[in-house]
Amino acid sequence: MRPENYQAVQLGESNEYEIFIGPNHPGIEGNYALKLVLDGDIVVKGTTDAGYLHRGFEKLMEGRLWIQNLAIVPRICVPDPAPMEVSYSLAVEEIMGIEAPIRAQWIRVMQLELSRVAAHLFTFGGHAATTGMYTPMYWGVADRDLVLDLFEDFTGGRVYSIYNIPGGVRRELPNGFLEKLSNLLDYLESRQNDYDNLLFTNQIFVQRAKGVGILSKEDALDYGVTGPNLRACGLAFDVRRDDPYLVYDQLDFDIPTQQAGDAWARILVRRDELFQSIRILRQVIEKLPTIKGPIRTPIPNPLSWNVRAGEAYARVESSKGELAYYVVSDGGDKPYRVHVRGPSSMHAVQTLEYLAKGARLEDVAQIMFSLDACPPEVDR
Amino acid sequence: MKKELLIKEKQAKRTNPLAHVFDDFIDFCQSKSLFMLHYCTGCGAIELPPAMTSRFDMERLGIQPMVTPRQADILLVTGYVSVKTLKRVILTYEQMQAPKYVIGICSCTVNGGMYWQSYATAKKLNDYMPVDVYIAGCMPRPEAVLEGLQRLKENIKNDRKQQKGSAWKEYFANYDTYLGNQQHLFGDDWQTPVDIIAEAKLYGLEGEGTYGKNTEKLAKVQQPLLPQEMKL
Amino acid sequence: MNDLNNKLNDILSRVNGIKITHKRNRRVRVDVPADSLTTLLELIKGQASYVHLSAITCVDWIKDNEFELVYHVWSYEENCLISAHTRIDRDEAKFVSVYDLYKPADFFERDIYEMYGVFFIGSPRMEKFILTEWHGMPPMRKDFDSEAYVQETFNWTEYNPDWLQELTDQGGGIAIKPEDIRLSGCLHNMATHRQRDKLKATQKVGKGWKS
């Protein structure tokens, strides 16, 4: 078979051309491809081509023990792996009918919010780079690395922590960790002005991002958009508040929204969310030392661990949107079925196709990054 | 055939100790300035931005990212390669100009890693293209990536002494084997736009393994790639 | 909350052959026969503001020779998730698309079509998407053995460095070879281990979690 995508194809007698962007392209997030029909530099039609990152996760999980699966779930979304672990653990806990101890729940919240901070810092850089601004990328990646250092400190892993297990978390926080975290939050807050001047109010960026990829509230609801992308259209929906899990109902935080629904609104929502996460983390720092107790509800020997028959749909809010695990057990030592609902499977396929239509070629990359699409969530 | 003989004669005649000075100098220069194309095939790609930017700073080693395969020296395959991606990786690899080097990052490129059960990922990158350096780990830290790149630089520098930095010649010399493995995965009508046999002839790199029953199969299905008609 | 539940129950009870289970706060499980599923979705979307299709899942119950389709629908106003379960025949894997009601169904239905081979009548793009280079049977079906396929398709890297060779010559070496782990023979080994552990576990924990 000849690989089909190495030549531009002219369609009939018209002046339209069909070209491929990706899968290996600087303007594509991850390993993903877009087939565009162009008239001049206006996109007439965009079709996504996924599957480059397909590993058959759902099949793999059916062949592994409940505990073994914890090692592979974070790999589904690389920039933001913590929600994957937590979501899977929550689903298994619900089937088993147990709950993590209260201290473990607070630690999980801390891990989730740290992961959100890291993911958003990464996204700022990526989004800015598509408009030709590379400095925010350098800053974002460098500041994200500080968060990763903290991850290494309390979980042992830099990117994939595999810190959660059904029933709680794997180990206690090291001594003096909360102090380090507090210092990091101080530093990140002190950077707010710099980031604002460099990126969020910078005319070079604002002019490129304003009015690009406008998504109305109705369309967003139609296409199943969730997370920051939905909040940028004016609907204040957040799984953390409206379908609370862990201890989010005891936390005090706002849900930032924007009305415009364009690329700029989306990045502003993420910026505000970053500082809300810092606010949550401050509350965690205050609360954690007052909670004593175990960090894990005991589970039977993992090698002979049969989870009773049942099913659960566990949702969490990841940095991309609504992430859900549907886990079915038939009473065996392996899951009968695990379905992953990645938020990007909505954003990167239908929404991207819809937004790319009528956009200019140079804006397509920006639209994709502004949606914060994570291709492995689509392919799994 | 004549050309091959000529080259062999030339190589045999080189007895002067100073004959390699210029070649060594070229190798030295080459190892100091490398352009890298990172194909983000998997998770390992997430550790590349830290390795490239301020904290670990790959540029101090003389390595810089490049956006097109035509001008790149190193192909970084960062993680598991699904069969669909593998097609594109091979396409990318063949487009690169020699001398070219391949680095496989993550355990998945070595032996399938934790996806060994998966029907969708290819297990050994080695089967489909010659790999210079493997960096194991799931995923390797930026320090490990830099270490691997250093290793590659050493190999390139000492290429003529140790014959380590010229894995790309293998692809021409044993094209039949590599093509056979590719055909096994992609079907017998697999064809890429680059004519490897013609290139091997041109550079005098053909060996006994260049031709075989797999290349015969290819010759049967091969269609020439015609230029597109341009209209205004 | 009770008012809401009553209202929802009123709406749901209009559907033929429905079975409602309130699983926990904000989670309702509904079992319906296949032919009244679209009626149910139309009702809850039109009258109870369940506008967000969170996911469609397919479960392969090979013993019952059935596919189970699960529609997870969320209401932004009532903050409640309804999971509508329905079962279809496995041999005649066809169902009606809900694309007219929920646009995200396009993605999920295409995914299920590829992975399970369930054809959705009326879905706009019933074609390959993720598995364009795949020619075998739908891989997520339970009767597809991924491990056997891998064994006959791919090779493995031999790992035999000098230091390991020396150890092997002295009579040592690796206790369980990778190829043993890969083949199902290891599963048997693990099963015996597991039985032994099970004994221990029951002695320690008492009843265990399986109820």
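Here the chain labels run A, B and C in written order, and each chain numbers its own residues starting at 1.
The rule is short, and it goes like this: a contact is a pair of C-beta atoms (placed from the backbone, for glycine too) under 8 Å apart; a residue touches a chain by one contact, two chains touch by 3 or more.
In this text the structure is predicted, and so the values were computed from the model without any measurement.
Looking at B-C alongside A-B, one finds more C-beta pairs in contact between the chains of A-B. Innermost chain of the displayed assembly, by C-alpha centre distance to the whole-protein C-alpha centre, is A. Between chain A and chain C, the centres computed from C-alpha atoms are 22 Å apart. Averaged Cα coordinates give chain B a centre that lies 39 Å from the centre of chain C. Centre-to-centre, using mean CA coordinates, chain A is 33 Å away from chain B.
Annotation for chain B: residues 84, 87, 117-120, 186 touch two or more other chains.
The set of chain C residues that touch two or more partner chains comprises 131-133, 139, 144, 146-147. With touch defined as above, residues shared between interfaces to two or more other chains in chain A number as follows: 51, 54, 56, 59-60, 63. Residues 131-134, 136, 139, 144, 146-147, 149-150, 153-157, 159, 182 of chain C are the ones that touch chain B when the two sit in their complex.
Only residues 49-51, 54, 56, 58-60, 62-63, 94, 96, 98, 221-224, 226, 235, 237, 242-243, 298-301, 303-308, 313, 315, 322, 324, 326, 328, 331, 333, 336-337, 339, 341, 345-346, 349-350, 378-379 of chain A touch chain C when the two sit together in their complex. Listed in rising order, the residues of chain A touching chain B in the complex are 1-3, 6-10, 23-24, 26, 30-31, 51-56, 59-60, 63, 71-72, 75, 78-79, 122, 125, 137-138, 141-142, 144-145, 148, 158-160, 376. Taken in their complex, chain C has these residues touching chain A: 24, 26-27, 51-55, 57, 59-60, 70, 72, 74, 76, 79, 81, 83, 102-104, 106-107, 115, 129-133, 139-140, 142, 144, 146-147, 190, 193-195, 197-198, 200-201, 205, 208-211.
Those residues of chain B lying in contact with chain C across their complex are 83-84, 87, 110-112, 116-120, 122-124, 126-127, 184-186.
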